[in-house]
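Quick heads-up: structures coming right below.
First chain A sits with chain B, and in the next complex the same chain sits with chain C.
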Partner chain A sequence: MTFFKKPKKLITEAKVEHDIQKGLNNKSTVVQNLNLDELLTKVKEPFSATEDLVTQEVELPSDTSRIALLYIESIVDKQLVQSMILDPLFTTGKEITFESFKKMASIDLKQETDFNQVPKFLLQSNTLVFTEDTTCFYTVSTPVKTQRDITEPDNESIVRGAHDGFVENLSTNLALVRKKLRSSKLTIKYLLLGQESHMKLALLYVDQIANPELVKEVEKRVKSIEADAVYAPGNVEESIEDKPFSFFPQILNTERPDRVAANLMEGRVALLYDTSPTAHIMPVNFFTFYQSVDDYNKRWHISSFFRFIRIMGFFIALGLPAIYISIVSFHYEVIPFDLILLIKSSLEDIPYPPLVEALLMELTIEFIREASIRLPARIGSTIAIVGGLVIGDAVVKAGLVSNLMIIVVAVTAIAAYIVPSNEMSAAVRILRFPFMVAAATLGFLGIVFGFLLLLFHLCRLYTFGSPYFAPIAPLNVKDLKDTFLRAPFWKQDTRPQDLNTQKPDNRNHTRKWDKS
Partner chain B sequence: MNSHTITHRQLFFLVIQTQIGVGVLSLPYTLFSKAKIDGWISLFMAGIFIQFSVLAIWKLCDRFPKQTIYEILPKIMGKKLGYVFNAIYTIHFSFISILILIMYNSIVGKWILFETPHWVIIFIMAAVGYYVITSSPREIVRFFVLVTPLLIILFILILYAYTDVHLLYLFPVGHTGILTIIKSSADAVVALLGFDAALVFLAYSNASAARNIKVISFASFCITILYGFIVFTTYIFFNPKEIIIVPEPVLYMLKAFSFSIIERTDLIFLSVWIISVATSFVCYLFIAAKGVQTLFGLKEHQKGAPYIAIFCAVIAIIPDDKLEVMTWNKYITMTSVFLSAVFPIVLLVIAVLRKKQEKGAATS
Partner chain C sequence: MKKKLSLLSVLLLLTGCWDQNVLNKTKLITAGGFDYTKDGKIITTASVPEANAMESGKDSIENQIYTATGTTVRQSRFKLDREVSERLDISKNQIIILGEDAAKEDIYQLLDVFYRDPKSALNAKIAVAKGKASDVISKKFEETKKAAGLGEYLRDSILSAEESSAVPRENIQTVCPVMFDPGQDFALPYLEALKRTIHIRGVALFRGQKMVGEIKEPLSVTYTMLTGKKHEIAMNTTKKIYKNKKPARLNYVTIKVKKNKRSFLVDVTPEGKISAKIKLKTKVTITEYPSDNLSTPTEVRNIEKQLSKKLTKDAQTVIDKLQAMNSDPFGVGRQVMAFHYPVWERLNWEEEYPKIDFTASVDVEVIGHGIIE
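After this line comes the complex of A and B, so read on.
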């Protein structure tokens, strides 16, 4: 473990450096007595000789005073600079004060005095306006819109329901959530991560519903991230989850605004990112990963049935190859006589032990999946045919793997992909290998102990203070309404209790007309 | 709220899961070997006897709320004697764990894995036990609640025996004589052990005293009924002459059933039964680890957990033939009945006589 520990000295050094940086910044506060040129050189100091940092001096026709615009052209929309700053300036042409400037460029204008913040404003796509009054400057938000269209997320497509998904832009994402949840209680907190990368993210919760302790905890964990650069939501996820060594995903990834909105209303907390369409929802429990937005748009019996299928898929994906291996290598006598003959005849000429056979085929499936995932659709289907049909058929004909093993592996593969969440599906696919090894060494005993360990691991797992395997451990009969079953909307009248929400009652009083 | 407490419902499942253990398979046979076909009556009598022990344990723990047996003993008997008795109880509970391992090993070796070395079978259970007891009582109990529905499978499988039963096997009722029946009920008490887990786990319960006793007593009652049902079923399924030659009647009974999808029902039964064994083992191992914690003044029971698990596993490997297993079984069960079922009553009497009681305890 010592390998993973950071050397202590480095940390203190980093701190010293940080302090020096702070000191430098403080020094540059003394700018009052500078003229405009000196001020501009001063505020540009933190930037290297980057050429997209543009200083544009403007001389107004009716005024002798100088005005300078400062912006980073790669992240600023020049059209906006023209229409929001330059055009009004030229039309009025007076010496500007905050009030007069405010009249011209109405939106997103701020007067700032803290010159330490200049780099931050520039990096947030603002255009800064400096005048000869060097005690203050003005910021106008002029972000360039580089954004793809709102489309349905590929990995979470649904049959019926809203088809919009998040994009790589925080304000658009927030708009999508706000559109679903027009509540005055929806609270958004902006955070910046990465001393250099300044990734912007938003923490969302519904005030007076979400447990304040939870919000505080999430905020604390996110704020504690110290890194030069935080690029991906995955970085954040790994930094804030409870048990990084567990196979199970402890934070829900989604690209669907409706899912975020629904979870927020249940009392959860969400993180949205400026750089990625992925939103994180926490705390979640095991069964959250088996829910899909589709469930709520179907008739409740049908979605309950699909929930059941998915949970069964979990057990089949984990256990079926293991059970097959243990039956053919230890417990022939469990299966009926007629089936034994069948299995025996198909296994007779196979040179390998069942475990090797199973590993071979499972790994082949993983190969095919990994190979086809990044290929364009046209080549992808070729891989699927080569991998699935050719290998599957040829391997049996060559006598390397038995027919039954192909069936088992295929069913397992399909069962693993039933899970609506990609992360959970990956966890299940990884976990079935230890199960297979356990089954090959100890038979049923190995499988039983495997499941014991797995279930106990789930029982002792917590995410952000709430138990991961809720509502079945600890058992909470009331909360089962949205796990194994999807109870009808009018029955879902409480929020999940393991979240300790401020308002356990969600006031679902529908079908009142039916009571009379 | 303290994160170590458990609710009264969880306490119920804890006692149930601890009580159902290795005993269930061989109980009909052991009872039959003494009380003949009146064994089921002995069992129900044992069920009544243990209610007294349960009451004593509860009363004892009630005098010292939120304290385990290891904290209570020194208070009743004085520091030095208390330490000695703590040691005795720690050894006692670890030997119950060892006995569970031995019996589990002999059954698994006989029925499922014939050629696997015994130490593998024992060590894997000990390893699972160790992993489980490194967490708090609350998580352990959550796990117990989670696996309890599996008991329904056991129940249904046994229920299937009623397709072929002969009530006449039971008659004449009571022909072995009331004395023999009472004597052999001692054997039944062994199978019903598990309520003694309350000696430690009552300290974690956050329910009222009245609720606690109801829950433990009811759990013991349920298990008595379930065991009674199993014993009764095997007695009317097998001819009295057959039972003598089948040491695990339940398994032999299930072996006879075959369905169109599953041929050997007993293997399915055993797989589920292993979970019940694991829960009892975990529970006793936890109690033993708690004892080690008090004896050595450790901060957490987790520190002593690996040593106690390895100790149990190593000792459990020692007996390797059938006769040895039987001798171990005999001596450990004898001491268990005394220390778990009888001695708590003695302790209660001592506590009452010496007027030892913790302040704040209910005086009702």
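After this line comes the complex of A and C, so read on.
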């Protein structure tokens, strides 16, 4: 029977926690009684036998007292340690007090007394300095710079406008946003996520514009995340979005500081992450995903035209294969006479029903897409040749798929990538398949049902308290200015009303000179 | 939620494809014709194009002709369906041809199927063939041997005749209400199969639902002008306005109608005597006039006068023919019915129409004479 007994945990988690706390607390109370060596062993206790936790003991030439540096070498810039701590110490070489140390190391130096905080400081790339005076210690920020250059994000490239993008470093990213938005009202709140991973993220909003309820709600949702580790922004997104089962993205992912800045000024809230170039913007509505920074740097007629094309792309990407299937298998009487014999002759010897034919090609396109993302650029061109030539041409010659199906699939694929947002594009590509099935079973009626359900869903969807299909349902004529059309800057004189901002008027009073 | 979702997917998926109507498993009829056998059965003739996909995007079309006999149109079509390998489909039909004998019977009995089937092509042309419909629906025409399907060829022939106003614009849909209107009749294109081409003979006139006569081609332009049609792409006609110039071609002028304004007056005297008058004000350009001298105003005025005289005479000929046939495509009866109903009630229109005073006058104005002085 003993085999089936649940083995007792040796020490419960809470107890470990408690022990550490106790140990550290003990230290702060009995700290005077410890010498430096004992203190170091104590503070290193929470860390397991990790070898990149380095203790460096230094004996100053002019002073007999010892000091010890404690840092995690993998996340600390050793040159900084040398230049900011060791060099000044050796040059002056006095007994260390906070003041004298401060004079020498000058920046980023803090005196701390709470020994519980030691692991936290170490994990935030600080170097800790312990002296013989064991009542306190000093922290110097010595983060290692493993940062790439600021470049334009590949997944959101534009023609006109700023070409900078976020990098994998929070402070750089915040600097980029601040540069675009030099406002005293821009508020940044730091949050730490993951009991073990300690991912740092920043919540940004513009005070006195953003709806305080919204800020509170976002903060509440982010803070409620409890996990040992939160690795990626995607984890956060999935934890805070309203309807995780919906196909539609409810939080805007972007790597562009200008986009973040503009959305903040509209009254939205942004989340920026350390270690990831992705920023999240919320709440957003359906049409946000069809906007691009490019739009605001083109003349308004042109960007309105492109908006229109993108919305058209949505319908084509969603419906074209379905419409093809239903026309060919139910309603061919809608094909103009001069075209029908052409279509008929290309279809004549296809062995598969239209649905199978369409699925075959749509899946092939998805294969090619997925393969070309994973492959390095040099092999990627091979995929283009294999995909384009072999599949496009040979499949028709072999009589597996009709000419027209190739055209439909190609147009659909292009239309799906018109969407500026990768997430929305993926959603549309997934949704296409139920539409195809509906079209194959019920024809046009099936497509109508599909669009109806889609519309129901979009109308019912709320993100962070604001309607997802916003200027359309509920209809708000004034807000249509930045959806199907991109109204000129001098017409965009209010913030979106569905956000309930504190200042609905954005004080765009341009072209005053033109009035007289 | 899960239950609902699974129910929904079951609903969608279990229907399967039972009611699919797949394009590559049907045969499209592009032209259909009706004749009667001697014992009154209906012979349906149908043309089905087979398109063969060929290299370099050029398709060749082969027309296949099938015939079947049945007591009714539907029955004969069912029999036709037995003859061909796949299902026959009428939804892309381009033209219906009625044999001369079939047209002289009640044509509604033949067309009834088209008005009942929601898939039938109501915009298909409808025409009458001299002789038998199966003469027209045949493989013998030169153009159909190359690339064009037979239905397309016949449709396009009629369309081009419509554009030059040789025949009125009609299709299955448009003739239907007129067919049942006691106050108006209609006219259809009248075709004749020559050895290697199709020939537009003119228009076939109907009374009620039966064909009663024809107006041949040059005169049929005058007929369409009298219907008050807005000008077509090329409402063209060549008229002889002089008698004794030599060589003979100097006697002729060709005009193109630019504007055609019709006023149609139907008058009933207190005694119940009905008179109708069609006045046309026609603006034309001269597209051919071998005698020339068009730069002198007197010559132009002379032509106007001659043309007006000639066209008025033609119009009167058309009207006389119509009255003789007792066909009323201009809808005099409808006017009487609408504005003088007590009179209409008393009348037997079929007896009255040939006797009414029906005149026409055409007033021609030349507004252009081409690009040379």
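As a convention for this text, the second predicted complex is superposed on the first by the 484 of 516 C-alpha atoms of A that agree within 3 Å, B and C clash if a C-alpha of one lies under 4 Å from a C-alpha of the other, contacts with A are read in each partner's own complex, and residues count from 1 in each chain.
We take it that a contact is a pair of C-beta atoms (placed from the backbone, for glycine too) under 8 Å apart; a residue touches a chain by one contact, two chains touch by 3 or more.
All values reported here derive from a predicted model rather than from experimental measurement.
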Partners on chain A (chain B, chain C) - clash or fit: fit
Partner chain(s) touched by A:Y190 [first = chain B, second = chain C, both, neither]: neither
Contacts of A:F489 with chain B and chain C, given as first, second, both or neither: neither
Contacts of A:L342 with chain B and chain C, given as first, second, both or neither: second
Partner chain(s) touched by A:P474 [first = chain B, second = chain C, both, neither]: first
Contacts of A:F315 with chain B and chain C, given as first, second, both or neither: neither
First, second, both or neither for A:P353, with chain B first and chain C second: second
First (chain B), second (chain C), both or neither touched by A:F367: neither
Touched partner set for A:V328, first chain B, second chain C, both or neither: second
Chain C, chain A and chain B - angle at the middle CA centre, rounded to the nearest 10 degrees: 40
Partner chain in contact with A:L442 - chain B first, chain C second, else both or neither: both
Shortest CA-CA distance between chain B and chain C [superposed frame, angstrom]: 5
Shared chain A contacts, counted only where both chain B and chain C touch the same residue: 330-331, 333, 335, 337, 442
Complex contacts: residues of chain B adjacent to chain A: 9-10, 108, 112-113, 116, 120-121, 124-125, 128, 131-132, 135, 139, 142-143, 145-147, 258, 260-264, 267-268, 270-271, 274-275, 278
Contacting residues of chain C [partner chain A, same complex]: 12-13, 15-17, 19-24, 26, 28, 30, 49, 51-53, 59, 61, 91-92, 94, 119, 121, 149, 152
In the complex, chain A residues that touch chain C: 328-333, 335, 337-338, 340-350, 353-355, 437-438, 440-442, 446
Chain B contact footprint on chain A (complex, rising order): 330-331, 333-337, 442-445, 447-449, 452-453, 455-456, 459-460, 467, 469, 472-475
